[in-house]
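There are structures below to look over.
In what follows, subunit A forms one complex with subunit B and a second complex with subunit C.
Up next is the complex of A and B:
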């Protein structure tokens, strides 16, 4: 009585919706990227120009600026988040009551709206009445007069710390669940052999959580490349275009200057970079332990 | 013996300092926003923690000047309808993938996940012009449609991972009794998969509730949701931070509560899904 097609009927609504909402617009976007189309001039898609929009990107100073900004932001955010998350996980994977309470509330920053986080940090970094500025100035007096969001380097540092703040809890929890799941016997054996803390970490813990490090790196890179909300609300790409990551450049091109064709092409370039990266790392993950 | 003891003490002192640093870094900003929400217009510009708390900010954001409740309503509508569509569709798909032989199953699961790799701004470009032509710009319907592309893939992954761990025996017993497949799903699978479904629901809730980019691009006045509305707390002298903080606190309370409820399953689901 089991209908052969039943399983496909169950699957159909999800696939139809995803096709209509994700796959179709993606194809449509590719098509738009091959055309000239400024929405302020015409509601209809313009003339076919092949890959001109892509060629244009490579001679566009704004594109190279954004590519560079994206690279710095992504690498710094991923490295800082993963390293901090491992350190936090080492601290918080102990079986002590107050630490287990802390683990329970660790997810809270991750649940907050990234847009709100961006606004809040802008408030707290204000040179006149911001609490972060005051604290930094108190501990490091030479930095007391820094206008954090007013210059390219410090604005980037601020942006990276916001991104780390957002993702640290989630990444830490991933590492905590990994570290707490490791067999205790190995650690007891290491202790018997007189290994110190550093040796235990680099010889035992780190190699054993390697798959999680790899997954965390993939996820974190994806998130960093897609980061949008806190950038809009913290720096709006500024000062100048010093924090204008690619994602934000696509937004500005398409929805501030309404250059849809060029915007779509820039979006595709970002998508290709992301997918290429993920595929390279996925292969590593599937192949397994050739991490050296 | 003494040096070992001293070493232990030093170690635990460092450990305590480390934990305190982490707590400060992660929770101080939240505490500060919470305090700011209760500050009056003057106290906002001082970093003193001693001030007379007031509820004025909360009163003002719900006054006619802002219509904050409209934005709250918009957010609720978008979340509600997105979830109402996401859940049944994802549960059925997850069940199908979990229980039946489907050619190219691994590839399908990967493809579903891969839709989330792509920066979604690419998808908004065609949506913007389509919604404009259909007169759907600045409506909650537009937001519900685009959000589905986000929630369904995650929900399928989370629920499927959970269903894989449910034994098939009960269903087979049901099948022998002659119950139809849909009845089996409803009566047997759903109750057992409840934790997974709750996790997926909360996760999708948080994603949609916090969604900013689509709302920024596709709405302008009528259908504006909370994250975008936060930027409306601007007066003659710039941002009115205490009111924004009050709005922010009211905005984030639901996500914090829900996230705390499913915290454990959520992290397990995410990392297990990723490892497989």
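Up next is the complex of A and C:
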């Protein structure tokens, strides 16, 4: 009898902490999202309005703009990061002394604060005194006068590039460890059968690292959907609201306009989108033998 | 038994009397209190000077003053979070004027502490930015008037006079771009940053007789005067007077552009004057060559300027309100303000306490100060007198973002009339909700 309850007693502190810092805020924000509450008008939560805040989102042009921006940003960032990370991993997964040095150097961008990265790139992309603009203008003169953060398309390209720049090291390391752990016999057999580099990559390496690709894609999707700091510091959502992702809209709605009910609803919509992405990937991951 | 009850009652009565006496004699009580003042981080000279001089206040009153720094980006969140908690960790806080309407519920109205005469020491325009629902919530001890800075050496070489109208600004601008490798002016069109890109636009708008909202809070910035003013403002970019990069510049980047000697004019807050001429922050050709004048207006139009404040407010939940007010009142002493700036201009304080922030009417027109400051305070005084302010309604942060976004869009090539119409519709919908 004592034993049966003892495990619950041991679990209780963890459950209490989890409940206080995760479950309660989640439940509370769901409750807030079902109410009308503007903090500039009252400190007390307003009247219950059911799912009106969620309905409001779907008729809000800013929400649709942010949803579209988030989709473009997420898809482009995930695809570019994963592809580049695999390419980098192929280059750096050799057992050579100088390569292990390069692998250590590779992590530096990831070790920097994302907000600082945003600021740094903002300087580097400055058309008048930015080092990136100067370099690209030297090699490709027609691009010398491009104001990278000055129009919607180039600002989005800049933002995606910076996000890739931040996450590429981490993803590359995942793939490097995966590729270096692959059995060498398979490659020797392929070589003996006369397979060339492309065939080896597409028929052997890629299928064998598929579980890592899936995990990396899940992580990268979540990271991209949560990306906030470099967006604030690099573009502030502009020009106009062309790079205003959902995260930024949630922040503005809740903490600048203090429209807490609507902000909570937008936060939940973003959370639902994130969970939906993860569930789709997880189904794919668990299905078949990919996991093994 | 009866005697002992009587004795207890007598002691109780004396105790109550003593308590009442203490209540009315604030000085004795306040001595043990500590006032916590939250200012924004960033090594701001005026705030550093306040902190340094607070020791003198402590000597005079016995009230301790503790300064804490809050990063500017977290300021609004922090005030809101502390306000909601009902137990703020600071008694007094500085904040940006546009934050005022949404945080006023967490602030203590100051009309309970001072009569109207007390606030007469400040220009009316900046007191307006501290006033919501007819109550004054903060002391505008830090305020910025908009002025036009120009490169005296460039103007002199080309035989130009500082422009007094927008038309003149375009004319001298064309000469500058034709005769030098500089841009004529560096505006800042980037959206966000608490609506930085609205300040110059609003000056164009108000000077042309247009308004942002009418008396019933309906958006009216898309009238023909509003469109004309906006087209002229965007025209600085499209006509080649401003660098192409201005479309992605926030105020700070635009200021850097001017400090690098890449343009000949800059419109912005007057506090940067010392920054422009300082040896450690501007290019050599810029140092000592920056002059200033009032912001241009329309031909025959009203002289107007935008104004921005960073006032000092008391938290409603403060437990040391009397002591906090003592400190605020002490800081508001015109002599104290003058002394900080005099010491700065005479280079009698460390560089991190350098401040040219003057907001009190008698100091703005003070001969001694103006002589030391090359007349800057007179120009600032003129700008404060002609200043217009943004609406102080709770929805302003959202309206500011809508307008800021529209300006950014127009600078990137969108049609002015349709952008302003769309923004007006959005503002109207917001105000109806």
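Basically, the second predicted complex is superposed on the first by the 275 of 292 C-alpha atoms of A that agree within 3 Å, B and C clash if a C-alpha of one lies under 4 Å from a C-alpha of the other, contacts with A are read in each partner's own complex, and residues count from 1 in each chain.
We adopt the following convention: a contact is a pair of C-beta atoms (placed from the backbone, for glycine too) under 8 Å apart; a residue touches a chain by one contact, two chains touch by 3 or more.
From a predicted model like this one, the values you see are computed outputs, not experimental measurements.
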Simultaneous placement of subunit C and subunit B on subunit A, clash or fit: clash
Partner chain in contact with A:157 - subunit B first, subunit C second, else both or neither: neither
First, second, both or neither for A:145, with subunit B first and subunit C second: second
Subunit B versus subunit C as contact partner of A:255, first or second or both or neither: both
Which partner, subunit B or subunit C, touches more subunit A residues: B
First, second, both or neither for A:13, with subunit B first and subunit C second: first
First (subunit B), second (subunit C), both or neither touched by A:195: neither
Which superposed partner A:239 touches (first subunit B, second subunit C, both, neither): second
Partner chain in contact with A:43 - subunit B first, subunit C second, else both or neither: both
Which superposed partner A:229 touches (first subunit B, second subunit C, both, neither): first
Touching partner for A:129 - first (subunit B), second (subunit C), both, neither: both
Clashing subunit C stretch [against subunit B; choices 23-31, 77-85, 167-175 or 239-247]: 77-85
Touching both subunit C and subunit B, counted on subunit A across the two superposed complexes: 39, 43, 128-129, 255
Residues on subunit A engaged by subunit B in the complex (per definition of touch): 2, 6-8, 10-11, 13-15, 17-18, 21-23, 25-26, 28-29, 32, 39, 43, 87-88, 91-92, 94, 99, 102, 104-117, 119-124, 128-131, 134, 165, 168-170, 173-174, 177-178, 211-212, 215, 218-219, 222, 225-226, 228-229, 232-233, 247, 250-251, 254-255, 260, 263-264, 267-268, 270-271, 274-275, 278
Subunit C residues touching subunit A - in the complex, by the definition given at the top: 76-77, 80, 84, 101-102, 105, 190-193, 243-245, 247-248, 250, 253, 256-257, 260, 262, 394, 397-398, 401, 405-406, 408-409, 411-414
Subunit A to subunit C touching residues, read off their complex: 38-41, 43, 126-129, 145, 147-152, 155, 236-241, 252, 255-258
Parts of subunit B lying in touch with subunit A, wherever the complex brings them together: 15, 18-19, 22-23, 25-27, 29-30, 32-33, 36, 44-47, 85, 88-90, 92-93, 95-97, 99-100, 102, 112, 114-129, 132-133, 145-146, 148-149, 152-153, 156, 181, 206, 209-210, 212-213, 216-217, 226-228, 230-231, 239, 241, 244-245, 248, 251-252, 255-256, 258-260, 263, 266-268, 270-271, 274-275
